[in-house]
Amino acid sequence: MKLFNCDYNEGAHPKVMELMNETNMQQHVGYGEDDICAEARELIKAACNRENIDVHFVVGGTQANLMVISHALRAHHAVLSAATGHINVHETGAVEATGHKIIALDGGAAGKINWRQVEEACRLHAEDAAFEHIAKPKMVYISFPTENGALYSKQELTDLRRVCDEWGLILFADGARLGYGLTARGNDVTLSDMCDLCDVFYIGGTKVGALMGEAIVISNDDLKEDFRYIIKQRGGMLAKGRLLGVQFKALFTDNLYFDIAKRANSLAYKIADACKDAGLKLLAESPTNQQFPIMRNDVIEKLAEKYIYSPWVIIDEKHTCIRFCTSWATEETDVDELINDIKLANTSVAADFKEIMIDAKE
Amino acid sequence: MKLFNCDYNEGAHPKVMELMNETNMQQHVGYGEDDICAEARELIKAACNRENIDVHFVVGGTQANLMVISHALRAHHAVLSAATGHINVHETGAVEATGHKIIALDGGAAGKINWRQVEEACRLHAEDAAFEHIAKPKMVYISFPTENGALYSKQELTDLRRVCDEWGLILFADGARLGYGLTARGNDVTLSDMCDLCDVFYIGGTKVGALMGEAIVISNDDLKEDFRYIIKQRGGMLAKGRLLGVQFKALFTDNLYFDIAKRANSLAYKIADACKDAGLKLLAESPTNQQFPIMRNDVIEKLAEKYIYSPWVIIDEKHTCIRFCTSWATEETDVDELINDIKLANTSVAADFKEIMIDAKE
Amino acid sequence: MKLFNCDYNEGAHPKVMELMNETNMQQHVGYGEDDICAEARELIKAACNRENIDVHFVVGGTQANLMVISHALRAHHAVLSAATGHINVHETGAVEATGHKIIALDGGAAGKINWRQVEEACRLHAEDAAFEHIAKPKMVYISFPTENGALYSKQELTDLRRVCDEWGLILFADGARLGYGLTARGNDVTLSDMCDLCDVFYIGGTKVGALMGEAIVISNDDLKEDFRYIIKQRGGMLAKGRLLGVQFKALFTDNLYFDIAKRANSLAYKIADACKDAGLKLLAESPTNQQFPIMRNDVIEKLAEKYIYSPWVIIDEKHTCIRFCTSWATEETDVDELINDIKLANTSVAADFKEIMIDAKE
Amino acid sequence: MKLFNCDYNEGAHPKVMELMNETNMQQHVGYGEDDICAEARELIKAACNRENIDVHFVVGGTQANLMVISHALRAHHAVLSAATGHINVHETGAVEATGHKIIALDGGAAGKINWRQVEEACRLHAEDAAFEHIAKPKMVYISFPTENGALYSKQELTDLRRVCDEWGLILFADGARLGYGLTARGNDVTLSDMCDLCDVFYIGGTKVGALMGEAIVISNDDLKEDFRYIIKQRGGMLAKGRLLGVQFKALFTDNLYFDIAKRANSLAYKIADACKDAGLKLLAESPTNQQFPIMRNDVIEKLAEKYIYSPWVIIDEKHTCIRFCTSWATEETDVDELINDIKLANTSVAADFKEIMIDAKE
């Protein structure tokens, strides 16, 4: 079986493993205060073209989300998120477990929210006679790219920044797949822009070549104080913190992080193009390493004999949206084989799909 | 100004105050373990026609909600609620502050959810490949009557009970206005039914004649243990617990609770009828003490010269849904005056309202 | 039976009930935004001789404690308290339930902590190599008077204030029995001093003449924002908020609050003096309405035939420390009778008590 | 510099790295549901000689602690722990952040608690008239070995088990250094005993040869349900869950876990013996890989020129207790050099230490 269901089926990129092996017997102090972590932080600062940011390494995305949110918000604060936002649907209520309400906004098929929605949520809250009876919007959570593979343009981020400033909100970007986003076709956002436009975001390692690990970047000075306490309190401070430093050092040496992301994207485009050629609709346009074609269930069953995919959304009785992912480890020959099988399986049935309408807001 | 904005504008019903005064100088032990609380509990058990229930008095509705929910649920459990449910919109994230996610279901204009929605939520969760990544539905929260004045029939509650049993869910009814519901036109649910069909519910005092206070009734044996610890932990255990006992004793003597609720309902019907006669639409059909007419904004402004109402939902640029409430303290002469003013104000404009369509499910 | 076990055995002072009755049928807006609450707030500001304070009414002490603490602290902050502090021993983990650790300091029999202990706790934390692995001290919680009836002098409070300023800590005083403290023999602290020296404190009503209610006074500007959200979230915002305003209006009219506290103190002194005359030791010197004599168990049993007391601390197999309280409602004749019975019961045994040594620091 | 400050200065044992490398390019499903995790679970079950246990892999010890505790306890439950317990002093209030109070018992210098203390805590709670005002003891947390290197005998664990059964408490053992404990000189407890005597415990990997990872073993059926939800909610579910399986597979193949722990212990004994020979006192007798000699500060300063140690407890102005750790990675030649330096440094001053008295309960 070929696994296309996610971007974390293998271990780490060989260069990451190489540095893990090389440094394994070195003695380092614990908890991320070692030299390798320091080096990795410098490499990230250089990639961001910024000195005045704080960089913290934590093990995973749910951890990063719950830490940042519980760190930044006071008890009565809520976080605005697309309804499809990872924190709202796939973290077992991790954010609520830290005491905070998520206010879900309709992000459409792309899973994106825009400044008008944020402004409206803030305005409605402020104008409500019972405003003190309603959790106060204080943070905007976005994913870059979104859970459905879509991106925010620099203009869209700038607009969100502006409305956040107007209403005193924190802008937080979940970058579990940041590498795929920054290297995507048509993307006009840079790491440096992320620092300028977000108060805090993270650079995902787990899904972009590392064994595990996310690098949280805090650019808003007000959020910098005492963050390491939160990492420890939430169980995210590795005794052997150097492990995360090693991996990010490898990833941010010689542009590796971006090169492997870009390659994965280009393989994903081949899959997307093949789907479109076969007459399939996609849930949303994705310029990143995840693709979400909508297929007839019998076709999916046939593909399932050779490939593992992720079921995504039930469209109707006969059709399902599924997810194919690529990663640094994806073999081009496997992609070509998949493409060919999609073509064969769907040629005869392409006509059926013309009727499927997805309300794909953008 | 005449206040019709809510059912808690005055103090307590004179009979409640009478017993408060009468017992004021009596010495009693604290924390609800006194004789008057015991008497009040017996009166409630008699009214419920049940012996094997636990009755606890707490100060308010938000308290009751957060106590019951944090008592009954484990860390990863979520509560299903209508999107308009009080816990979801008007408690400043109190439930999330205890660590639990609220899964909002579309309750339409009536604010009611049905067994099919509950079953679907449970089934979708159970069938999801990533079910462990999603907070687990474990409780159904309903309001009786709902925040928009609507009621569940005995059949509807029985259906909810059945689906809760099938999926292992707890059924919890917020009865902040229970008296108005049980005495409403067309209602076929009794206090005894509430005990049979819900695992836990409460009998609202604050909005039905008391100064403050809700009587939580636990009929599910599994939920009885240690509830008083939770009352204390959440700050709901009055040192002078007898105050709540006194009030519920007064309310459950000589049917007072039900008599005053019924009278308030009948005054509310007069308002509803007057609105309909004036050609106004109501947000949802309400057989209880809250009425939600939709009016033209200029008409509302005119009424606002004499009456205080609650703004409820903005319908469009020109129309707003507002709330009028009645209570034990409402004077019939004030209602008649209001009715007359509605009639005068709206006669000339009734035609306009024909176009307003509210998607009032159920 | 005569109840001396606590100061909340009766309802409210007659003047409080009088105003409750008088205002009962008035119509007021809800949630503490009514005119009576406004008047009560002004009366309290006048009594504090301060304009720039925020005053909020909540129902009870545990509520006040958990609200203030969860409002003021961020996730990794801890609160320093005497081991005997109410939050540490008698609130069912209410503070921990909002996520915060209590660091207990030895307050001795008086239940008082001093600036040296606070400084040491802060210094040890700051100097610890693993300081980020330890919850950060951020608040000092004291009770005035303490749970064992003792008081802080103005100098002691000033010292605590200084060390709090040096280390960036918040000073919070639980004033559940503030009235008894401020009117105590030898006390040199005023309400105005409390505003100057504490960041936040509360004026207890429940135990000083009200049915229920505490008035939280916030003098630190940084803690003022959004406190009403917290009151609502924690279930402490009464729909009929006016009830609390009415009671504090009555208590702060014509010095009632202080007069009744002072009278209760003087009755308590009679009990204390009688105990000392009978050769009994007291757990700690208490200049307030609670007295804690240590008695032989057989003597206690004898007194228990006529009086209800609170068991306090088991001293050894034969002796127990018990609590007698007085309040606005205590009859002087009952006190005289109790005194006489103590005298009779203990005369013959006074010699025994000479050996009992209580390590009463301070 | 030679690092003796902790047992997590290096990466992983070479055999662990070998299997990491070998399996790196294999494709596996995520979240610990892969074949390697399944194999590792079987190896652990075999080592425990038990089939009916649940085994879960999480990243670190603080995580394991907060997950188990928040999973097992209801809102009003407290956990009993030695005052020196890791959860009480070095986890930044992680347990309180999940809402639970820790009740600290005096564990003496060894950091151990006994059944009498547990029984007394339960009895005092049950007998207190205000028991509902006090968080309810529901779990006993012990560390095996303790933070100060001491062990519980099988009899001591059996006694704790008995008192837990009598009072309905859960017995939870933090096994961050379990390997060192089970292979210690004089230990009579087996992995199988741990399953019999504890409701839940974990097998520490981070400090015993792994890069990171703890294997939580649940033997009490009542605690098994839904634990994976909690792992996810608290941010402990690795996308590449196989990483933890790989490491525990390597550690539980050919007795590696125990062999490396035993070797580290024997090196630690050499250090302990050298200290004793030099006339030094130890904080507590430790048969495991951590040793806690008390030294004169000037001696410590001299050693600090060549060695890194952990400061542990300030004994008095002139003396400090410090920690030396050994691990799988410790070179015997380094130990010999350290021993020699201790001997040289302390010979002349041994006499001084005779006066130092540590109140080491045991």
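Each chain carries a letter (A, B, C and D) given by its place in the written order, and its residues are counted from 1.
The rule we apply is simple: a residue touches a chain if its C-beta (ideal position, glycine included) is under 8 Å from a C-beta of that chain, and two chains touch if they have at least 3 such contacts.
Note that the coordinates shown come from a computational prediction; the quantities given were computed from them, not determined experimentally.
Two copies of one chain, chain A and chain B, form a contact in which over half of the residue numbers belong to both partners. Among the other chains, A has the CA centre that is most remote from the centre of chain C. Across the two interfaces under comparison, B-D and B-C, the one joined by more C-beta contacts turns out to be B-C.
Averaged C-alpha coordinates give centres for chain A and chain B that are 41 Å from one another.
Taking each chain's centre as the average of its CA atoms, chain B and chain D sit 51 Å apart.
Between chain B and chain C, the centres computed from C-alpha atoms are 35 Å apart.
Residue numbers of chain B whose C-beta contacts span two or more other chains: 75-76, 91-93, 97-99, 132-133, 135-136, 229-230, 232-233, 237.
Viewed as a contact network, the protein chains are fully connected, with every chain touching every other. On chain B, the positions that touch chain A within their shared complex are 75-76, 78, 89-93, 96-102, 104, 129-130, 132-136, 310-311. On chain D, the positions that touch chain A within their shared complex are 3, 5-6, 8-12, 14, 17, 20-21, 23-30, 59-63, 65-67, 91-94, 97-98, 206-207, 211-212, 229-230, 232-240, 242-243, 308, 329.
By the touch rule above, chain D contacts chain B in their complex via residues 31, 70-71, 74-76, 98-99, 132-133, 135-136, 226, 228-230, 232-233, 237.
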